[in-house]
Amino acid sequence: MSERIPVGVLGATGMVGQEFVSFLENHPWFDLTFLGASDRSAGKAYREATTWRLGGETPVYVRDIIVSDSVPKGGPTLMFSAMDASVATEIERAFAAAGHTIVSNSRNHRMETDVPLLVPEANSQHLELLQAQQRLRGWNGRIVTNPNCSTIVLVMALAPLKQFGIKNVIVTTMQAISGAGYPGVASLDIVGNVVPFIGGEEPKMESETQKILGDFAGDRIEPLAAKVSAQCNRVPVVDGHTICVSAQFEKKVSEDELIEAWRSFRGAPQLKNLPSAPAQPVIYMDQTDRPQPRRDVERENGMAVFTGRLRKCPVLDYKFVALGHNTVRGAAGAAVLNAELMKAQGLL
Amino acid sequence: MSERIPVGVLGATGMVGQEFVSFLENHPWFDLTFLGASDRSAGKAYREATTWRLGGETPVYVRDIIVSDSVPKGGPTLMFSAMDASVATEIERAFAAAGHTIVSNSRNHRMETDVPLLVPEANSQHLELLQAQQRLRGWNGRIVTNPNCSTIVLVMALAPLKQFGIKNVIVTTMQAISGAGYPGVASLDIVGNVVPFIGGEEPKMESETQKILGDFAGDRIEPLAAKVSAQCNRVPVVDGHTICVSAQFEKKVSEDELIEAWRSFRGAPQLKNLPSAPAQPVIYMDQTDRPQPRRDVERENGMAVFTGRLRKCPVLDYKFVALGHNTVRGAAGAAVLNAELMKAQGLL
Amino acid sequence: MSERIPVGVLGATGMVGQEFVSFLENHPWFDLTFLGASDRSAGKAYREATTWRLGGETPVYVRDIIVSDSVPKGGPTLMFSAMDASVATEIERAFAAAGHTIVSNSRNHRMETDVPLLVPEANSQHLELLQAQQRLRGWNGRIVTNPNCSTIVLVMALAPLKQFGIKNVIVTTMQAISGAGYPGVASLDIVGNVVPFIGGEEPKMESETQKILGDFAGDRIEPLAAKVSAQCNRVPVVDGHTICVSAQFEKKVSEDELIEAWRSFRGAPQLKNLPSAPAQPVIYMDQTDRPQPRRDVERENGMAVFTGRLRKCPVLDYKFVALGHNTVRGAAGAAVLNAELMKAQGLL
Amino acid sequence: MSERIPVGVLGATGMVGQEFVSFLENHPWFDLTFLGASDRSAGKAYREATTWRLGGETPVYVRDIIVSDSVPKGGPTLMFSAMDASVATEIERAFAAAGHTIVSNSRNHRMETDVPLLVPEANSQHLELLQAQQRLRGWNGRIVTNPNCSTIVLVMALAPLKQFGIKNVIVTTMQAISGAGYPGVASLDIVGNVVPFIGGEEPKMESETQKILGDFAGDRIEPLAAKVSAQCNRVPVVDGHTICVSAQFEKKVSEDELIEAWRSFRGAPQLKNLPSAPAQPVIYMDQTDRPQPRRDVERENGMAVFTGRLRKCPVLDYKFVALGHNTVRGAAGAAVLNAELMKAQGLL
């Protein structure tokens, strides 16, 4: 690829925006040249408009870029959206209407009928929804979304098992504080504590999973018929959502077959050798006490999902543990992988 | 009650032993006068034999008691056992054979056919097993046990619901580090981390729950026919096991009926007004994000179990959260309440 | 004391306000009947105006009190102030002018020349400043303040040593998150981290210490001539500020004399047997690794300060560790003790 | 450099040994081919002899190496020592006597008169002690050591300031749990807590600093005449020791001169372009609340030390904060850098 594609990030000064900035540094295909934010930040250099909350300091390659406001008037065609849900609906639509391709991490459009909720390893064919989207909305541009940061862990663990007929899923999450942005969770709420509630998270996990694992049906997705039940908790972990899953299948399946299904699973990102694709998207660990967020979340550049502890469930068929990086595979990295897939499919 | 009953603690220098010492301070019925430990500690004053790991300093009332070895030769009839599982089997049996009443927190005898696994609010009638126990073993004494610290939270939450016919239960735990004793969990394993495995815990939760909620049947307990599936995790919380439960019932039951069942639940400890009994053993909290270990675990002297977030489960019938104090209601406090019940029933 | 004195709390819905509510429950002298807050809360029942952040639930005794706005128009003469610094200056003055006795935890008036910065064990004679205050300001009422939550730990540890001529003090703090209120410190800033900066804290520790340990001089305080240097850090501890101190004295003094000075120290609260006074205000611990916040902070109802690890300092004379409860002895409890002293001295 | 030098690690299965294994992966000069451990592990493949405690899994490049016992009989000339202090003295001496170059992280030989306590940026000339060492001990081999993990942070921060005449230093540390190895600090001791004591740490910081910053004087080091006073604390941080320093200098020096001294500081590793050398060994951060362990410790591959918050100290001259990676710059990375310096100076 001789020339890098200019890209922008909308909502660039927030926590998720910073994660995009961090993830896109040295990207082989995408050249981050546009940083959009609110009017309050527009006109300032990025380093001045932003209090950098991630490790180290504001990356040099964006320090001096002047932040733009979030109105479509030029800028790169490809825009990642890291905007807060309170503003994302209107701005994303305005940019799409103006011909931009919005690859969004915001939740606003995920469940709309004609918007792909894309996990490239699981449902790359959902990109075909874009034809209906453009036709129905009269847009030159389009909107593609990635799932919620807890959904992605479940979906990546379930996608290789879809072949066995997923029937019932009960999942309990133990989610990292970085999933709530900044300032996000107050330390007085979480140090030495568990908070057994995350606003809106459980319905999202339940419905997004059904859509992602559903089938493309012309101008909409036929959701997976499985029932999904989620209980979501916040725990004092910095990065990495750990989930405990019990699942029931239509077909009779052995432990070895499940493990083999995870280990041999490859999707579009692996087949097309996308730059951010993990070589093996789901890694089953044999150790009795793994995966663990602090020890495993940074592996594979944060883009793989780890499973472990597969064993019989006395109520459903099997139970197991899964782990994924909520701000990488569950946010910025997910969106970038989505854009890479679109590029590889000639959609950019 | 005009005179306090002398009692002893076996395994008094360990972490659980310290919890007994702490819980029994100023007890209205029991007077802790005997502290048993290994030969290494025997002969020393308790304050010298023990590195006090709980808050504050070694309680004054036991500081100067000379630690005894753990061989039955006199001492109080009532002995609480806080012994490590590696030694508890033989020593508990020796004391029972010598006529002592062993009220044990150790796991060793819990699942033996003729040993009550007692939760006074749930199965006080299981004490009748002691007749079979004494007859079969030829003991003058006896052994009574309390459940594992994660089991108790589940059982207390389920006991009021037994009337609706418990059919299937899936539970995921988030357990405090104090559940592992001292030194227990290495800080490098748990600071900022989740460990999705606790050795032996899941089978214990599954089988103990069935026994506790089962029915007395002469010389044994007919276990509850429900299926129970547990996933157990360690989280960086000091005290308090939080559990997420999905449950299915034989009978049709409404949310209001479940909440009312919890709120109105009273057992033998409440009816007999036992000194360590919580006034209301299961407290349902209406707030959307409670119970929480750091904010709720110390309430009611650590002896109540808190439930919350009752809602429909798309797979089973209902899901909810529960919380209990693992070292109080799940260990020392449980054993003391067991002894109080025995006293109230004329068994001491 | 036959009748309890009605008291109020200004800023009652905030975190510090909740600590007053919690501390004043069942107070033998003071009857909390007035809860003041912003216009937004005024007119609502306290339980509706407040999200209770401390353990358990909103105390029953205040649940149904209707919150008042913060304008002086009746209400109890004695008002505790838990107001945020952004509004405390004007409101406290208005209440004092209207004849109220303001016993304030806010920082706003602490360093004003005619305002006592009171630590009853250390400087009860500073209450005499109130004569100048009323004369100079023309108030019927008055304002008394307590120190910052880190200052109090240092001052309580130094007060018994003042007799040896304090010359130089270097102190490094490790402060709990509860010191920052709610939402206060973001969890992403402090979980698994140290933040080596607390805005405004170091100058406060340095100057407040000099004022508190200074001498009453008619209409002002002659500050202690010692130099004080502070470095303040936030650590992931819930309650309890731990400080490491190096100190140099005018007089030659032995370790034994210093320890004896701490242990024998008694001040006005002990002599007058004030209800919230700890029996021994400074407790020296002999263990090599104590005091520790999680294990010691709740002792003595949170009202004592603990010292430990006294040893020679190669640069100054001695070094040691101290610990105090920042929201009790460092906030609500400090103010209540101040009011108790005033009552005992006939000033209420 | 056409060929990589074979090297070994003694104590390879422990926590520090694992850090060497991790740090040496893909090292351009050194080829780790020998893994020594206790007799219990000898003869097993490394992956079987070791429970890998760091992130991810046992690195592939060492998984199948058969662990050797710790007796000198061949093996690489260059041996890194990660041995526990309880065994290091004899084994290190035996290997040195047998002609090996021991580059040790163990504390055992650090303070011996003829053993370099090496920090390449600060005292590369101390390597000249090796002549005396070999002469006096009659060894063909030799022992070189690196400092304690808390000392290194202080020494790196002070080395650039030595030119101003360091006179007095008071330092308080907040040290990470990884500094105590595995299992190391019990979680019950440190979750939500501060432990104001680390056995032996304070004397080490005080005396090692004087030796490292001292001057080579033929067959010994003339220690720096400065007085150093340390207070050492454990805090719930995974990696990274944060220290608060007050320092007094012989010469009058401005803040700008101190910052410039840090920023322009370069030592032998930078001049010789050693592979593990940080480009800038001491990085002064301008932000008001930095450095912070979780956000800064992984920068520069863990090999730089970060300083910040320089300001006047009312008692000594200046105070500031410093941070370093205790298991990298304070252990494995320090030893490897020492060996790189020796190689570059023709000593290997």
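Things to note:
Each chain gets a letter, A, B, C and D, in the order it is written, and its residues are counted from 1.
Everything that follows uses one rule, which is that contacts are C-beta pairs under 8 Å (C-beta built on N, C-alpha and C of every residue); 3 or more make two chains touch, one makes a residue touch a chain.
On a predicted model such as this, the values are computed, not experimentally measured, just so you know.
Distance from chain B peaks, on a Cα-centroid basis, for D.
Set side by side, A-D and C-D show the greater C-beta contact count at C-D. Chain centres here are Cα averages; for chain A and chain C they lie 47 Å apart. Taking the mean of the C-alpha atoms as each chain's centre, chain A and chain D sit 40 Å apart.
Averaged Cα coordinates give chain C a centre that lies 42 Å from the centre of chain D. Along chain D, residues 191-192, 236-238, 294-295 each make contact with two or more other chains.
Within the complex formed with chain C, the residues of chain D that make contact are 168-170, 172, 174, 191-197, 206, 227-229, 231, 233, 235-238, 242, 244, 246, 288-295, 308-309, 313-316, 319, 321. Interface residues of chain C facing chain B in the complex, by the touch rule stated above, are 54-57, 191-192, 238, 285, 294-296, 298-299.
Contacts from chain D toward chain B in the complex involve residues 53, 177-178, 182-192, 236-238.
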